[in-house]
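Two complexes come next, and they have one chain in common, subunit A, joined by subunit B in the first and subunit C in the second.
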Partner chain A sequence: MSGRAGTWVLRGYVLLVFAFVFAPIVMSLIFSFNADRFPTIPLGGFTTHWYATIFADDGFWRAARNSLVVSACTCILATALGFCTAYSDYRYRFRGQGAYLGIILLPPTIPLIIMALAMLAWFSRVGISGQVYSVVLAHTVLTAPFAMAIIRLRLERMDASLEAAAWNLGASEWRAMREVILPFCRPAILSSLFLTAAISFDEFTVAWFVSGLNKTLPVHVLEIVQGTIDPQVNAIGTLVFLVSMTLVVLAQLMIFFRIQRSAP
Partner chain B sequence: MKPRLNAYALTFRLPILIWQALFFLGPLLFMIAMSFFLVRNYRMEEAFVMKNWERMLSRGFVWDSYWYTLGMAALASLTASLLAFPAAFALAFRTSESVRRWAIFLLVIPFFTSYLVRTFSWYVILAESGVINAGLGAVGLGPFTMLNTAFGTLVGYMTLTLPLVVILQTVTLAGIDPSLIQAARNLGCPPWRTIPSVVLPAAKTGMVVAALFAFILSFGDFVAPYYLGGSKPPTLPILIIDTTKAGQQWPRAAVVAVIMMVTLFVIAFAAIAFAYRRRASR
Partner chain C sequence: MSEPLVVLDGVEKRFGDFTAVRRADLTIDEGEFVAIMGPSGCGKTTTLRMLAGLETPSAGEIRIGGRSMNDVPPHARDTPMVWQSLALFPFLTVRENVEFGLKMRGIAAAARKARALDWLDRLEIGDFANRIVDTLSGGQRQRVALARSLVTEPRILLLDEPLSALDAHLVIRMQGVLTRLQRELGIAFVYVTHSHSEAFAMADRVVIMSRGEIAQVGAPRAIYRAPANRFVAEFVGRNTILTGTVEGAALRTPIGTFALPAPATDGATAHLVLAADILHIARAADPAARNAVEARLISEEFVGSIVTLFLEAADGTEFKVQMQERALTGLDLHAGGRFHLTWATDDAHLLPEVPA
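Moving on to the complex of A and B:
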């Protein structure tokens, strides 16, 4: 692949890949305003009927509230755990550090369906299954690795002598944490909050297994999809997309631009 | 530095250990134990019997499902790698830094949109009376059956894995020292040979890791084979769901889950060993 022609062919191919990746997202947006019950080309008339349907549905609101509660609690817990782990790894050298990191980083490599079954079985055995907080406990395990990774990357950029300087000036470890480490990690912490909230907001496999009757929004969608072709799904999908995107864009703004600005 | 193990150090080190022990390792170990439990009168009893294992391993449909899932995940991993490569190559070598950054930013987006909704969208697009067949029908082709086939499943797997594979490959390729390629050119290597003999060996680790991620994600996904593949035949994740939700046969579902974990462990280990193996001295 050389020369101008090759380059243009490659660029065209990149656009094709992007078209494949974004086709279902764009289609779902378009179909959410399409009047036909079974969406196809040519499009039917414009309607907001599907949005009206979901807004009038108690099940939707209950699920949406559960999802908000779950992702809010999850993002705080996961970020706190991720921060503690990232800081431990940054500051200390100890025996078994590899295994220590393995334990937090492992969950995303295990298929969600396996985690779902394992958590359902264990939570039922211990008697903490089928509640909204069950989903929070599970999602925290699944999202903490991402929080840890983001905050660890931020700490990597910190001058190690900053903390030591604070100690030499008489600050206790706790005070150095409060006045040096935490402020330095703030963009990463914010970014981690948004990102883990977004992941939790979209997760449905584990949530489906452990939530019992306290469905979250993606589980609600899963149950609609299992029934019939219902364009409601497109409307919910579009709303969920807006929420997730807001969170992710905020997270990325924190990662990309805040770090760049504060870099020397 | 004050590397002492005091209350301060423990405050930061212990929480994750306790949390993962309770809610990550606990469930996994319990699930393994559960595969030896007994089910009597629809109630699970804690026991240590091989019954579930014997039953599941002697069933033909379990093995059919196993090889089908393995084959489809391998196909998805290969397809995603091949489809992603030209795009990653273009993004790494034929675009500016800022375009690459934007491309990666965009490719992260689908990761945070509902995979379920995207699959539903494909369902509508691929259906007999869907968008693609309507378009093809306008020029006198089709209709083609794409739903409830292996092709449908593969489209779903690509939806799940392609963005990630493109990102990982792009980052890998962009990390190759360009002077390596320039040197090959200067030494008379024709352009079409630089990819197999310079670019791919230099990018091996990242390429294999990307393919491995695609494999793991596809292997564990139930949405694509269920909604787009029509569950014909059911993959292992679908088997877990059916066994858990319908029959209350949790121990048998645990057997399938443990088989999946062992398989993934072996494949991941082999792939990583291969990815990091140094090339024999030339």
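Moving on to the complex of A and C:
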């Protein structure tokens, strides 16, 4: 096989992989504008009826508002927590540091369904289940490890003398934190905010268990799908996908491109 | 007479079982350029970090301007440092980097901008004021680091191997910049380095450290000509060291008996230091010479007009001979060739006896 043919095979393969990943999402997008009630080919006419339906539905708006509040609160809490753990791991050497790191990074390794059950059991016992803030708490636990990882990686790239240089020039520890550590970590902090918001925004399992009547969007979608086939879900799915993708892409941009300050 | 600017009084630093600095006593005067030199791990950087307050002495006291510094945190001292890595703030412009120390002291934006620009001009990098530091060359970044440390007009500047990352020709240039600045400002520089060419070229006084202890303190010339002990003699230059037993006014060694330049205890073990530039090399033996050794040429090293010859005597003692390249003509140098080395008794240096 010549190199040229090999290249084309490889390209075709990559294309197929992308098609496989994105086909369901694209289908959902297409059917959200399809006039027929059932997702069959050939397609019916073009319509924005399903969007009109969801925009007219109070349940959708409540769920959307819950999702936005939850992801906004989660991203701030998780990033703050992630920053603190990343900084403490970077700055200090202490007994049990390995265990400390292990516990911090544990949540993503626990199966979601187990996590969700445990959260529900614990929250109901202490009487904080079924609220919007219950979902915030649960999502903070889930997403803080990602925040920690992103910020820890950034700190790894910091000149070890940078903080001491700030003290040396007259900055107290708090001042150095504000003037040097936080600005240095800014790209990672922004990236972490977007990423944790994105994870929280479309997280279903844990939210379904702990949200009670305060449904988030993914929970709302499931409830519509149960029993009926309703193209509304395609419309909601498309919107959720757009929001999450935007957040993830922003997070990626923060990670890969340093924000260059333009010279005044 | 007031106390010197900096006093280290029996300062010690231990990290667990490891003693990084052992009972250091040292004073630094106002406006003095002091270089602390030694191989890596000798405690020189730890000493500097204790001056900056980044390490706390395990014992002893550091005083700056007559005030005990042991409990003063780094940010409350006025001991700016030029870091080996420079440690410039990558998210700030050149001017903002220089302004940092002034900002921490609560100086108004307009005033600190003016002072920062002033210092940038003084160090000839005013054109880069609004650039991000990453876009500057090594030499330019060096100047930014200097400006950032000097802008608060301290009485003392600490420098931790600041030139180690630069090209050789830039090192020479920055040495000029540093010595000129130090003279003009009249402030004390404490310069840590492992390079004796940097230390000897710039410092008024050199402190040589070895394994956590101060091995010798003195003017560069004095240290070069009269090393206090074997470590210094081996560290500071191309010295040949002959070890033997004192017999009257002579030293008996396996390769001959040589005259001592100073009196020593009969029967004691003594070390004679021969600097590379006091040795005279010739093809033929000189019967009149008081001190002569025959040695075999091993290798030679050219550095511009200066040549160092490495020779080996019958018992394996290595002799280093340094001379002008043009003085070599007619010597017929080739590896393995036999030569006669001679020196004047008074040019040699007898190491002080170490109390048993």
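What we mean here is this: the second predicted complex is superposed on the first by the 256 of 264 C-alpha atoms of A that agree within 3 Å, B and C clash if a C-alpha of one lies under 4 Å from a C-alpha of the other, contacts with A are read in each partner's own complex, and residues count from 1 in each chain.
The working rule: contacts are C-beta pairs under 8 Å (C-beta built on N, C-alpha and C of every residue); 3 or more make two chains touch, one makes a residue touch a chain.
These figures come from a predicted structure and were not determined experimentally.
Student: Could you tell me whether subunit B and subunit C fit or clash when both sit on subunit A in the superposition?
Tutor: Overlaying the two structures gives subunit B and subunit C room side by side.
Student: For A:228, using the defined touch cut-off, is the partner it touches subunit B, subunit C, both, or neither? Pick first, second, both or neither.
Tutor: In the superposition, A:228 touches no partner, neither subunit B nor subunit C.
Student: When the two structures are overlaid on chain A, which partner does A:22 contact: first (subunit B), second (subunit C), both, or neither?
Tutor: Once the two structures are laid over each other on A, A:22 reaches subunit B alone.
Student: With both structures fitted on chain A, tell me whether subunit B or subunit C touches more of subunit A's residues.
Tutor: B
Student: Taking the superposition as given, does A:248 touch the first partner, subunit B, the second, subunit C, both, or neither?
Tutor: A:248 contacts subunit B only, not subunit C.
Student: Applying the document's definition of touch, where does A:165 land relative to subunit B and subunit C: first, second, both, or neither?
Tutor: It touches subunit C, and subunit B stays clear.
Student: With both structures superposed on the shared chain, find the angle between the C-alpha centres of subunit B and subunit C as seen from the C-alpha centre of subunit A, to the nearest 10 degrees.
Tutor: 100
Student: First (subunit B), second (subunit C), both or neither: which does A:141 touch?
Tutor: After superposition on chain A, A:141 lies in contact with subunit B alone.
Student: Considering only C-alpha atoms, give the closest distance between subunit B and subunit C in the superposition, rounded to the nearest Å.
Tutor: Checking C-alpha atoms only, subunit B sits 6 Å from subunit C at its nearest point.
Student: Quick check on my understanding: which residues of subunit A belong to both its subunit B contact set and its subunit C contact set?
Tutor: Residues 164, 167, 173, which sit in both footprints.
Student: Touching subunit A in the complex: which residues of subunit B?
Tutor: Interface residues on subunit B, with respect to subunit A: 1-3, 5-6, 8-9, 11-13, 15-17, 19-20, 23-28, 30-31, 34, 83-84, 86-87, 89-91, 94-95, 101, 103, 105-110, 112-125, 127, 129-131, 134-135, 158-159, 162-163, 166, 191-192, 195, 216-217, 219-222, 227, 237, 240-241, 244, 250, 253-254, 257, 260-261, 264, 268.
Student: Give every residue of subunit A touching subunit C within the complex, in rising order.
Tutor: 159-162, 164-173, 175-176, 179-180, 183-184, 186, 260-261, 263-264
Student: Tell me, which parts of subunit C touch subunit A in their complex?
Tutor: Within the complex, subunit C contacts subunit A at residues 52-54, 73-76, 78-81, 83-85, 87, 89-93, 100-101, 103-105, 130-132, 148-149, 152.
Student: Taking the complex as given, what residues does subunit A use to touch subunit B?
Tutor: My answer: residues 1-2, 7, 10-11, 13-14, 17-18, 20-25, 27-28, 31, 38-42, 80-81, 84-85, 87-88, 91-94, 100, 103-104, 106-107, 109-115, 117-123, 125, 137-138, 140-141, 144, 164, 167, 173-174, 177, 198-199, 202, 204-205, 209, 218, 221-222, 225, 229, 233-234, 236-237, 240-241, 244-245, 247-248, 252, 256.
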